[in-house]
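In the two complexes below, chain A is the common chain; its partner is chain B in one and chain C in the other.
After this line comes the complex of A and B, so read on.
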């Protein structure tokens, strides 16, 4: 199934801004986060699919758009 | 002469200079702040707010003077928020921070100077703020805010400002205020990225414990000033019952990209 992955802030460095990819049925949001090794860069913050907050165990569907933001906690 | 006559006769182009307020306070046996309250009620703006007038009316300036804001954390965000709220005319500010200024704070924290290294952040800021607004009531608590010890204080303030650097406590404080319908303004930064929200819980921003990207990217001066400016704007909008953020604003200053979620 086709999924659009959007990355924000420094998650883009060495990766991409927006990329459409083909993923097997049953792929969860967590699988995409893991495949991109985002949390090796820094912890995940907001996770949205089609503009709605979801949990990492959300099962993606054809044409879903997943947006991934790093956790920001400094002051 | 009655106080009102004194204020009218001595106001300068419709504005009240500091020296006249001070003189009135002495002659009429009043506090400086109370003289300004009388003046504002009479439609006379303190001269230091002359550049506020096209954006804030006299009644709004009085509302700000009679407002009470709690700032939790006096580092990067807290320092700038305290400065901006004091300058615009918020009249009562409570500051919490158990930390002292260290050399690595000099890159961004407005209270950090070579002279203030080793001094408590809340106390240093309080001294600075009193130099800006003689009407300000500022309370410095040289300790870390705790819901157990200081939770009652939240009932006495109009707004709580999250200027903490600990996602876990940010989340707890946001949840606590949200459940009690207490106004709460959040911000956080890392590198060139910032976020700001009003009256929202933070679990979606902080799904896991521990620090965020700031440990990798650090905290830059203009990012923290920008986030603090947004927070200050939200505080003023809340105090004046103007429309405010109803989503989280996420901003990447590297690409000037803004996302709401």
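After this line comes the complex of A and C, so read on.
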């Protein structure tokens, strides 16, 4: 299935901003986090799919957009 | 050496240095300014008249070596909201006042001669009243220069520009930072109050101060070490804020559908990438600015930055998400450099960059400029407002009054103050803070974005109502307490997620004053402050109907999540059940 992966803040360094890719059915958000080795850069802060917060065991569906942020803050 | 209250009367140009009343002893920062305003200012007074008072108070830990403790609070009845106001700032003034032993500076009365402006110079033993006709009509950097020529270069300076002289609601009080740039007591029109009292600037002597006394230096050192470590080890205060500043929020709010766009019509902006924190950090690296920069000496987080133009010339510092959002998604400017130039200009002019930019975005609905017309926005800011043309005066009165003057319905304000940067319909906990805080729409009063969007202190679904009132209440109580310590609000991220942070902060207060406060005591302090502020507003004429968001948010659905503001009045009012 086609999934759009978006990375932000420190996660972009040495990786990419946005990439569309083909993933096998049953792929979970956690699989993408692991395959990109994001947590080697910084612990996961926020994970959203289609603009809504979900947990890493979320099973992705065709045309989902997944957004991954390290722990960030401001105000 | 005990701290003292410095009381200045502008009606007869006199001052007194008083003992600190026992009931004010354990207070600092916002706790002290709000207590003094609540006790001494008639809630029914005109904010620009003789009976309002302007109060400055450094935090309880300001002047010590504690990390991030250099925030100064300023309070008064606000001309923008008509309610109580506290606005705190970095810069050098808090530490210098604290070291001089100034627990609070209270400014009362109005001079009879309306044509004059004064400089107040505060030293250990006296307050001098200096006529400064040569400074009239100048903006902040020129005032800083004049003071640098007159005193030791470390002298603390708080000043207003032309817009403060004209007593416009968007006027702030600007404070010199360690690098000679400006930070501001931004919100609520406090610069207009200073202008009404005919004070162009306040300087505080930095030559004759002593270090603050610490009752238990060893304990203090130990607690301070732990506290600093919690800030440095927290991924937000240790990595995220220093690398990208607060502007890292553009993308996450945009992704969550909570980035108010085109005057709160949508929750996403297609051009977010052009103004986001990641783009800003890239520009800074390429152009030789600084990604990390502190607004005061003891800051270990350094969320501020120095942002230069393409040729490496300084444009601005302290370049914050809320301002970038307002000039970007809200008003439509896609050019981050122009936004930076306007931010720098707002520092010099001495205007609240949030109120001013939210107002300029509303000016699009008023037909004064087109969405995204940066050139016209710059002209309004650099010409119409500071020269005080009739249009400039209407704009300078702030978002709420501009909306009234142009017969607009979609006016994003609460208690007369412009709503910043977080769409209440899609970040509902933040909406509860905007509705209920005694300050008018103020994001720092109870930053529910932390738990709604950023997963700090757990997670509460931003799109649902459940848990939001309690979240906003707890955060507002904690923020009122933190605002009294002199700590920057960004210590909250460590406090929310690291069990060692808050106890070490309280240990520092105990070691500084030789007291034995517990977490409960500190939370009670927060509750008392909020209640005092709320009561002041009620006496000033506020009611439940003022604890509401703009009505259009109830009947207009916000894309992309197609949400409305769906809290009942009763649900909102339950906020005050504590």
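We take it that the second predicted complex is superposed on the first by the 72 of 75 C-alpha atoms of A that agree within 3 Å, B and C clash if a C-alpha of one lies under 4 Å from a C-alpha of the other, contacts with A are read in each partner's own complex, and residues count from 1 in each chain.
Definition applied: a contact is a pair of C-beta atoms (placed from the backbone, for glycine too) under 8 Å apart; a residue touches a chain by one contact, two chains touch by 3 or more.
Everything numeric in this text was worked out from a predicted model, so none of it was measured.
S.K.: Once the structures are superposed on A, label A:16 by its partner contacts, choosing first (chain B), second (chain C), both or neither.
M.R.: After superposition on chain A, A:16 lies in contact with neither partner.
S.K.: Once chain A of both complexes is superposed, is A:51 in touch with chain B (first), chain C (second), both, or neither?
M.R.: After superposition on chain A, A:51 lies in contact with both partners, chain B and chain C.
S.K.: Going by the contact definition given at the top, which residues of chain A touch chain B in one complex and chain C in the other?
M.R.: On chain A, the residues that contact chain B in one structure and chain C in the other are 8-10, 42-43, 45-46, 48, 51, 53, 67, 69-75.
S.K.: Please output the residues of chain C touching chain A within their complex, sorted ascending.
M.R.: Answer in residue numbers: 234-237, 239-241, 243-249, 251-252, 255-257, 273, 277-278, 303, 321, 443-444, 447, 449-450, 453-456, 459, 461-463, 489-490, 492-493, 560-561.
S.K.: Which of the residues in chain A end up touching chain C in this complex?
M.R.: 6, 8-10, 12, 17, 42-43, 45-46, 48, 51-53, 67, 69-75
S.K.: Of all residues in chain B, which touch chain A in the complex?
M.R.: Contacts found on chain B: 73, 75-78, 163-167, 170, 187-195, 204-208, 210-219, 224, 248, 250, 252, 254, 257, 259, 261.
S.K.: So in the complex, which bits of chain A are touching chain B?
M.R.: For this pair, the touching residues of chain A are 8-10, 41-48, 51, 53, 55-56, 67, 69-75.
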